[in-house]
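Below, each structure is written out as structure tokens.
Two complexes are shown next, each including chain A; its partner changes from chain B in the first to chain C in the second.
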Partner chain A sequence: MRRLLPELCLIAAMPLLVYSVQRVFLHTPNERTMGTAFKIFFFHVPMGWLIMIMAVICGIAAGVQLRRRSRRAGCVALAASELGFVTGLGVLLTGPIWGHATWGTPWTGDARQVSTALLWLILVAYLLLRHYGPRTSERLASALAIFGAVNVPIIYYAVKVWKTMHPSNEVVGKLPPEMRASFWPCLLALVLVALGLFAVRIRQLYLADELDEAWVRSQDRAA
Partner chain B sequence: MDETIKQPSKETTTPDGYAPVVGRSLADVEKLRELEGQAAAKTASDYEHIVWAYGVLWALFAAYGLFLWRRSARLRADMDDLRRTLDARRA
Partner chain C sequence: MRRLRQAYLLLRSDLRQELRDFELVLTAGFFTVVLLAMFYLSFAALQAKAHVAALPGLLWLTVAFVGVLTLTRVFDREREADTLRALLAAPVDRLAIYLAKAGMTLVVLLLCSAVLVPGLWLMFPAGAGFAAQPWATAALVVLGCVGYVAVGTLFAAGLATGSGKNTLLFVILYPVTTPLLMYALVTTRALLDGDPAVVDYLGQMVALDVILFTLAALLFESVLVGAAAKPPTHAARSDRRAPPVA
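Moving on to the complex of A and B:
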């Protein structure tokens, strides 16, 4: 069952994605001030939540890797940072598209936009270090990942602490029932896709690690 | 603009069902069409943005899925190489 988890997540996500898109377009009323462009919200917000979740997972796994020298934790951190990179790019692209439609400008430079962009750049730096850095750079990479996780509460509270045009954190809770009924399937579909891809990537990284070890052992035996 | 649009009274409707439009000034109709045009333009622009946003999202996930698929193929090839090397050594 555990081995089939990624496939099950991805298979379950497919009909749910179709259902959520048709629900958003056919059964969800337009928001009064933002109009039709508000439909971007239903996938933009889950992507925003996903980058924060992935950054926290990456930070915790990197902390475990740093403390226990666990290679498996390193694999989890790398997979989480890759998915954080993808979801972060998604939120940083859909946000300005939505902003252009509603505010008339794609980028206002407000605290939430800047802090999210900063988190994404930290994830990019982490990925570059893990892929191209020397073996000794793993500790620096882990420290970066932990720094990224610390940035998550800053993103969350950015709209409370600083004056900003960005919608508040309570927007999901204040949605009318018919909009909320469309939001949860969208969130669940994206979470299932992300979880499926995350599990596939972790499995690949474990396998690559074991293959590396097997190659080294075979070379040692040959010598 | 007067928001109440007067409907034709029953007396003005001819037996064949023709009801002339009465009570709407040309200015009201023009204003109404202008507002309808603005709403249609805003909706069209919003849909353009939605198509871009959704397109970007699916393209990103598809690209990452493709990346994972290629990685899997490379790992499988690496595993076959290792198996072949070990078999050759055994032989």
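Moving on to the complex of A and C:
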């Protein structure tokens, strides 16, 4: 049952995603000032939360990898950074579309925009280092991931500290009930997709590592 | 106390080596002047209002560029003479190595800033804000450089112990240090505008510096030499890779 959990997550996410999309676009009223563009909010916010969660998971797993030389933790960190990369890309693509419709410009240089882009860049740097770095780069990449995780609270508080135009952190709580009712299925669907892909990717990375190890063992035996 | 003494001795050795040929100070200082000249040629024709917006960026971009150049060179010296390995094998506290290298880089960066800030003041009228509040400017530059050096030393040292690929320092360092540089940008803008909130911003930069410095110091040993080895079944495997399947 535990082995099937990733697949179950993905299977459960499929109808939920379809339901969320139809609910958001057909049964949720338009926001008064922003109109249809506000619908992006239902996907943008969950992806924004997911990139932060993935960066934190990546940082914690990297810390464990650095401290205990755990290969499994290394796989978790890499999988989290890859998912953080994808969700970050989603946030950075949907944000400017929403910004263009509401602020009249896709990029205002707002603190939240810049710091999210930076977090995404840290994840890109982590991936580059893991793939193209020298022999000791795993340790270095771990340190980078830890700094990325430290960046998360800075992003969260950026809205408060820098007095930006970006909606505040309490915006979900202030939604009208009919909009909030559409937000939770979207969040759940995207979280299930992320969890499923995350678990599948960890398994894949771990198996690749096991395969490497088996090959090294067979070479040792042959020698 | 012993750790601080070791750091002092290592820093003194680095400074003595630098005083023999002034290699780091001259190259980084010259690079700073070149950047200043390029900025002047590119932005002098802009309106004075635009200078206020551009000046913080010019200041911290220069620090970021010069910082990477200095960090690379500080550890290249050790690598060329293969002395980093000797240093790690010697009974020297790893934190002392970190403090000494960070101290050396900070000295070079601050010397470059001593050229950079007056240079910006002379070249751009908006730079008069620096002269109007010299203590706040000095605090801002020191805090910005300390944070940058704290993170930069960790990653430059990590790359120096690997086999080449120093170019990765640019890939790693800029995204990691940009939150700090963002704070520095906001503070510089407040300083040039004469905003009284500059003191609060400086306080936030102190907090950020403490976080970055503590984190980097905690991670330094693990990044440089790795955690204590586990039993051989799991050790030494990560370096070996299977060849690509045909």
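Quick note on the criterion: the second predicted complex is superposed on the first by the 223 of 223 C-alpha atoms of A that agree within 3 Å, B and C clash if a C-alpha of one lies under 4 Å from a C-alpha of the other, contacts with A are read in each partner's own complex, and residues count from 1 in each chain.
Here is the rule we go by: a contact is a pair of C-beta atoms (placed from the backbone, for glycine too) under 8 Å apart; a residue touches a chain by one contact, two chains touch by 3 or more.
A quick note: this is a predicted structure, and the numbers were derived from the prediction, not measured.
Q: So in the superposed three-chain picture, is A:Trp98 touching just chain B, just chain C, both, or none of them (first/second/both/neither)?
A: first
Q: Please work out whether A:Leu129 is in contact with chain B alone, chain C alone, both, or neither, and reply first, second, both or neither.
A: Touch partner of A:Leu129: chain C, not chain B.
Q: By the touch definition at the top of the document, which applies to A:Ala181: first (chain B), second (chain C), both, or neither?
A: Neither partner.
Q: Does chain B (first) or chain C (second) touch A:Thr36, or do both, or does neither?
A: Once the two structures are laid over each other on A, A:Thr36 reaches chain B alone.
Q: State whether A:Ile11 touches chain B only (first), chain C only (second), both chains, or neither.
A: In the superposition, A:Ile11 touches no partner, neither chain B nor chain C.
Q: Looking at the overlay, does A:Leu211 come into contact with chain B only (first), chain C only (second), both, or neither?
A: both
Q: Across the two complexes, find the residues of chain A that touch chain B and also touch chain C.
A: The answer is residues 211, 215 of chain A.
Q: Note which residues of chain A are touching chain C in the complex, please.
A: Residue list for chain A touching chain C: 66-69, 71, 111, 114-115, 118, 121-122, 124-125, 128-129, 132-140, 142-144, 146-148, 150-151, 154, 161-162, 211-213, 215-216.
Q: Tell me, which parts of chain A touch chain B in their complex?
A: 21, 35-37, 39-40, 43-44, 47, 82-83, 86, 89-90, 93-94, 97-98, 100-101, 193, 197, 200-201, 204, 207-208, 211, 214-215, 218, 221-222
Q: So in the complex, the part of chain C that touches chain A is made up of which residues?
A: Touching chain A from chain C are residues 151, 154-155, 158-159, 161-165, 168, 171-172, 174-176, 178-179, 182, 186, 204, 211, 215, 219, 222-223, 226-227, 229-230, 234-235, 237-242.
Q: What does chain B use to touch chain A in their complex?
A: Contact set of chain B toward chain A: 42-43, 45-47, 49-50, 52-54, 56-57, 60-61, 64-65, 68, 71-72, 75, 78-79, 82, 85-86, 89.
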